[in-house]
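Okay, structure first, notes after.
Labels run A, B, C and D following the written order; every chain starts at residue 1.
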Amino acid sequence: MTLFFALVASAFAATVPVQGTDIAGAWDVLYWFLIYVSAFFVFGILAAMIYFAVRYRRQEGKRPKFIEGNTAVEIVWTVIPTILVMIMFVWGWVVYKKMIHAPLNALEIRVIGKQWLWQFVYPDGKQSINDLYVPLNRPVKLIMSSEDVLHGFFIPNFRVKHDVVPGMYTDVWFEAKIPGIHQIFCTEYCGASHSGMLARLLVLKDDQWKEFLGGKKIDIAALSSDPTFPGFRANMLGEGMPAVSQGDASAPVSLVSQGKTVAQSKGCIACHSADGSKMTGPTWKGLAGSTRKFADGSEGKADDAYLRESIENSAAKIVAGYPAGQMPVYKGLFTEVELAQVIEYIKSLK
Amino acid sequence: MGHGVALAHGDNYINHSKGLKSWLNTLDHKRIGIMYLIAILSFFLVGGIFAMLIRLNLFSPGSTLVSPSKYNQLFTYHGAIMVFMVIIPMIPAAIGNMVLPMMLGAKDVAFPRWNLASFYVYLSGAAIACASLFLNGVDTGWTFYTPYSIRTSTSAVWVLLGAFVMGFSSILTGLNFVVSIHKLRAPGMGWGKMPLFLWALYGTSVIQILATPVLAITLLLAALERIVGIGIFDPALGGDPVLFQHFFWFYSHPAVYIMILPAMGVISEVVPVFSRKPIFGYTAIAMATFGIALVSFVVWGHHMFVSGQSEFANFLFSLITMFVAIPTGVKVFSWLGTMYKGSLHFHAPMLYAIGFIFVFTIGGMTGMFLATLATDVHLTDTYFVVAHFHYVMVGGSLLGFLAGLHYWFPKFSGKMYAETPAMIAAILINVGFNVTFFPQFILGVLGMPRRYADYLPQFTTLNRVSTVGSWIIAAGFLLVLFYLIHALLRGKKASDNPWKALTLEWQSPSPPPHENFLVEPVVTDGPYDYRGAKAGPI
Amino acid sequence: MADSNQHHKNHEHHILADSTAKQVFVALIVLTIVTVATAQVDLGIFNFAVAMLIASVKASLVFMIFMGLKYDHRENSVIFGSSLVFMACFFVLCFADLLTRGDVYVKGSILPESLVSQPSKFPKAWVSTQELVAHGKELYSAQCVSCHGAEGAGNGIAAAALNPKPRNFTVADGWKNGPKPSQIFGTLTKGLNTMPAFASLPPPDRWALAHYVRTFGPHESAQDTAADFAKVGVDPNKAEDASAGPTSIPVDAAIDLLSTD
Amino acid sequence: MGSHEVAGEHQVAHHFKSALDEFEACKQAMWIFLVTEVLFFSGLFVAYTVLRVFEPEMVKAAHHFLDWRLGALNTVFLITSSLTMAFAVSASQRGDNKRVVRQLIYTLILACGFCVVKIYEYSHKFHDKLLPGAHFGNTELTANKAGLFFSVYFVMTGIHALHVVIGMGVILWVILRARKNEFSPNYFTPVEITGLYWHFVDLVWIYLFPLLYLVG
């Protein structure tokens, strides 16, 4: 039997992407368990059929035995698969929970998918197209949304994937262990250049990461290529969109200060004060994270979702003591990036 | 064994009345079955051509054959034609229509006119869907996910309405079969004495009746999204695209059981006949069939683990999906139990049955990877999923269909097909199938996403092996077509019961008379009662 | 399942007596009145439950007696019951997902209306038409009422805190940029000190707002000249107005827009 | 359904053993068809419930624009038509073709009443631009996603009205057969089947009325 398992292992060994994170390691253990169980049943049944074909083939004078069933055997081959299947489920659930719950201190980067390119917005306001810069050995959480149709964000080396849905924030997280380039794919069909909509994850060591934060341009050619796809360095494929090779980091204007200018240009400061003084609308000072009492008596935490909803659909929740229907509806007047900037600005007003 | 006397084969359902008109408005379930068979096989040919074009385009990176947007239309047509026009009606409507009434011992299905109506509803639905070929095509994938299916400028509305109309054909077939099984069983055939193929068709019909209407409302709402812009599934107007996925998969997961249950039914008929032994655990298989049919309605969420579904719903769907695997396992082990200590005859139906069992086990086990939450995150939407569903659809339903086609061919054509080319074709198809789709498992694990017109150079060799495999399987299918037509024209005369089977349809001459039976059949013992002389070699 | 082949229960078909039919009818009418009455009373969440309860009672009256399930083979009741069971499966598991999505998933449209590719219904938007003014009124009530007030006198609720006060459209003078359509269009595009810029509104909407705002006061005399049009980059004799935004911003434009924003 | 030869004399289809068997098969087929209708409408009820759960204020605000009095009138029309249909079915079971024709005509009149009220309601909605999704243009109702409520309203009541119209066509066909007094105590299947269909259409409206018009 060990020869058999060795054969299966070698056949499949070179077929799994490198383990870019610790969780990818845990994932692989579960994956190999499933491979062995499947191989056992598949080759077991094949062997049984071959044996039956030879042993019980039609022979003169050999009569088939009249068997209609055997409840004991039937119970066995119902109970054992049930147990096996439950093990698979529980193990899958345990690993899955680790895969989707990001640690609280994760670095939050916003990902915007739009037809056939990926746009990344960093906390300090920098943006890049098709190139995602992340620090080594630090948890990173990607908050993703789409501006047109469904997309899918997939990093094979990290075993991380989630659809990017318009009208909804979805998130993935990872803690990169291997520096250099990692391939990103779009996995939800999104039209003509779905197969061209690639991106590169650039895992930078600490010094390079500080340079990046300082705004210096990173020399991508110096980074090692993806160990699973050696030699492949591009971050897009085929026609459908212009060659965006060097997504350089633009001038470092922080998200918060950009949020301040957006708040001015959109007229928010006309009704909302930043220093706590009483104006037409509730003040933004200390708003983020506080619990708000609403006109209809209910309460809610002022998290990202609440801030965003109050901007886009202001009538949804009215704070107690303020007249309803006074704040205009801003749905459609903010682009995704402007929303991110204003929310960061509000969160910065402690 | 009934009348056993070789009757003068004067009148039978083929020469009962002459002329195209007599076929086009026939009420005879056998003729309707044959018309369905011809229509389904021609759509299978069209779908197959699209499949070959896809594989050719993927022979090397850089989408050489067609542009990416054209490639998107290729895989959409391949998916839509194969799912809605071929694999769902394939066994129930073509073989089921021919065999079910005779297996029941009845003269016809309960509502012959509705049966003919279902065929013409099927044809008109197919025509509407194919009209999009001459307009500007469709590139939404057979799943029509919003908001892309709303935004695209291709003529997706035609395919949506075509599939909507074809849904009614499926409902009518299901309704006909359920009422026939309830009301038209031969005297003495209780629920415990019904052949397992009828149990499978009963489970399939229950699914067709309960699931297809939800497909109808989903496609109607999607069409209204495009025409009127109602916004229920359109995020730009405040709708929720994940809600569309819930609506779509509520039908489409039970639909994959519409595809596989009849194939399992055929295998449960073929294996006992060619092992000359009763089926192992009749009640277990019958209950498993009905169990799968019911549980299939509450597992659809495993298609949406990474689509934005909540963690709690993922937990629920993953847990319930595990329970669908158990009855499937019971069936596979029961078929093995049937072969044990039997007297195995390796005619073509048995070869396809053995191929089915092996390939379907791989398909089933890889399904476990996609039901387990953690592994599904990495593997979903990659070629692993493409390989999985081809293993259960092509490996499962299609091999089951070929087994059934060869098994009942003598009965309904009155001619015998040649065994040696059948043997070669069976081996060709099994080998070609595995060469085509096994590399795709590895492509999937490595991370190649599905529906890609172009791919990283590192995936080239595996894609090339897969394309070569698709040539082999195509050759196998053409060989089958060739020798079956040859048998129709110049085949040997088939006896009334060439396989010495015990189910009722073999008690009438082949090809059977217009009224199915010369003598009203009465069921005395079970459908697989291979005792003593009855268990003699074929 | 009743096995109808073995032994023919040739029971007589049940015939529904007229009197029972009338009683059911009266019950249904009474229940309709009850359901309408309970709807007037605001019981909060229970309204939905009560309405469904009454409707289910009425429904069961119809299918038990009018449709005769009560007197029929048990087979048909099992068939009809199964449809309700599977509808329940659909509801329960759909809402198992929808209700537990947690805060990460925020509802609401993310795609700015302006990018939704409605074909622009007003090819030459800078020429005022009845339909444009109506469209302008709709936009005005959604966006501008809070500062400029419903009659355009600049006395909206939020105007109290603003310094300088929002423009009073009803009077002819005091317009910083001037009351010509193209000038108002310019103000809307670039904004004016505390007034926000509405650049992301599609151009036809901005023209509609300009025309509507002019209806508040005596501004017919102020008409645009070719020079005025040139200032806002519009060529009056071309049919399609050049500045209508395409369905999605081309990539390079997006990058400039974002990096300079 | 079997083909009919001489008026009043029904010839059982060749593959059924007896008239009773054929009747029960047809009735069971009708019940199975009603199962598909229940699941067809279930999709719409899920879409409605999604709106009701996630946008309660909007639904409450939007439903004021529906006139519940017209909804109640329609409910009375359909309930009464159910009564007359029940009379027609029992009459056909007694072979009283005259009464079948009379009662079915009453049913038709009530159904026409329902359609007239529906047409009036729709024209009122078009006038006030209370239209589905993207076409929503009403100014008084400014609740967020109000267009979705009217999308669900138009799709639900539209498909239901379509079923009413189809039902009227079938009733007309049964009236013609009853005038040729084809129905007798041992052959009244078409009337029974039409009755089942009509009662189901009324049943759907019994749920639609409170859900759309009486959002408390």
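Note that in this section a contact is a pair of C-beta atoms (placed from the backbone, for glycine too) under 8 Å apart; a residue touches a chain by one contact, two chains touch by 3 or more.
Being a predicted model, the structure only gives us computed values, none of them experimental.
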{"item": "Innermost chain, taking as reference the mean of every protein Cα atom displayed", "value": "B"}
{"item": "Pair of chains joined by the greatest number of C-beta pairs in contact", "value": "A-B"}
{"item": "Centroid distance [mean C-alpha coordinates] between chain D and chain A, Å", "value": "47"}
{"item": "Chain centre separation in whole Å, for chain B relative to chain A (CA means)", "value": "36"}
{"item": "Chain centre separation (chain A, chain C; CA means) in Å", "value": "31"}
{"item": "Intercentroid distance (Cα basis), chain D paired with chain C, Å", "value": "28"}
{"item": "Multi-partner residues of chain D (each touching 2 or more other chains)", "value": "21, 24, 28, 32, 35, 39, 42-43, 46, 50, 134, 142, 144"}
{"item": "In chain B, residues with contacts to at least two other chains", "value": "151, 182-183, 210, 214, 235-240, 242-243, 308, 311"}
{"item": "Residue numbers of chain C (touch at least two other chains)", "value": "4-5, 75, 82-83, 86, 90, 94, 98-99, 105, 107-111, 113, 116, 142"}
{"item": "Chain B-facing residues of chain D, complex", "value": "1, 13-16, 21, 24-25, 28-29, 32-33, 35-37, 39-44, 46-47, 50, 132-135, 144-145, 147-148, 151-152, 154-155"}
{"item": "For the chain B and chain D complex, residues of the former touching the latter", "value": "101, 106-108, 110-114, 171, 175, 178-179, 182-184, 209-214, 216-218, 221, 224, 228-232, 234, 237-240, 243, 247, 515"}
{"item": "Chain D residues touching chain A - in the complex, by the definition given at the top", "value": "57, 142-144"}
{"item": "Partner chain C, residues of chain B touching it in the complex", "value": "151, 182-183, 185, 187, 190-191, 210, 214, 235-238, 240, 242-243, 246, 250, 297-298, 300-301, 304, 308-313, 316-317"}
{"item": "In the complex with chain D, residue positions of chain C that touch it", "value": "4-5, 8, 10, 13, 15-18, 21-22, 24-25, 28-29, 32, 35-36, 38-39, 41-44, 47-48, 51-52, 54-55, 58-59, 62-63, 66-67, 72-73, 75-76, 79-80, 82-84, 86-87, 90-91, 94-95, 98-99, 107-108, 116, 118, 137-138, 141-142"}
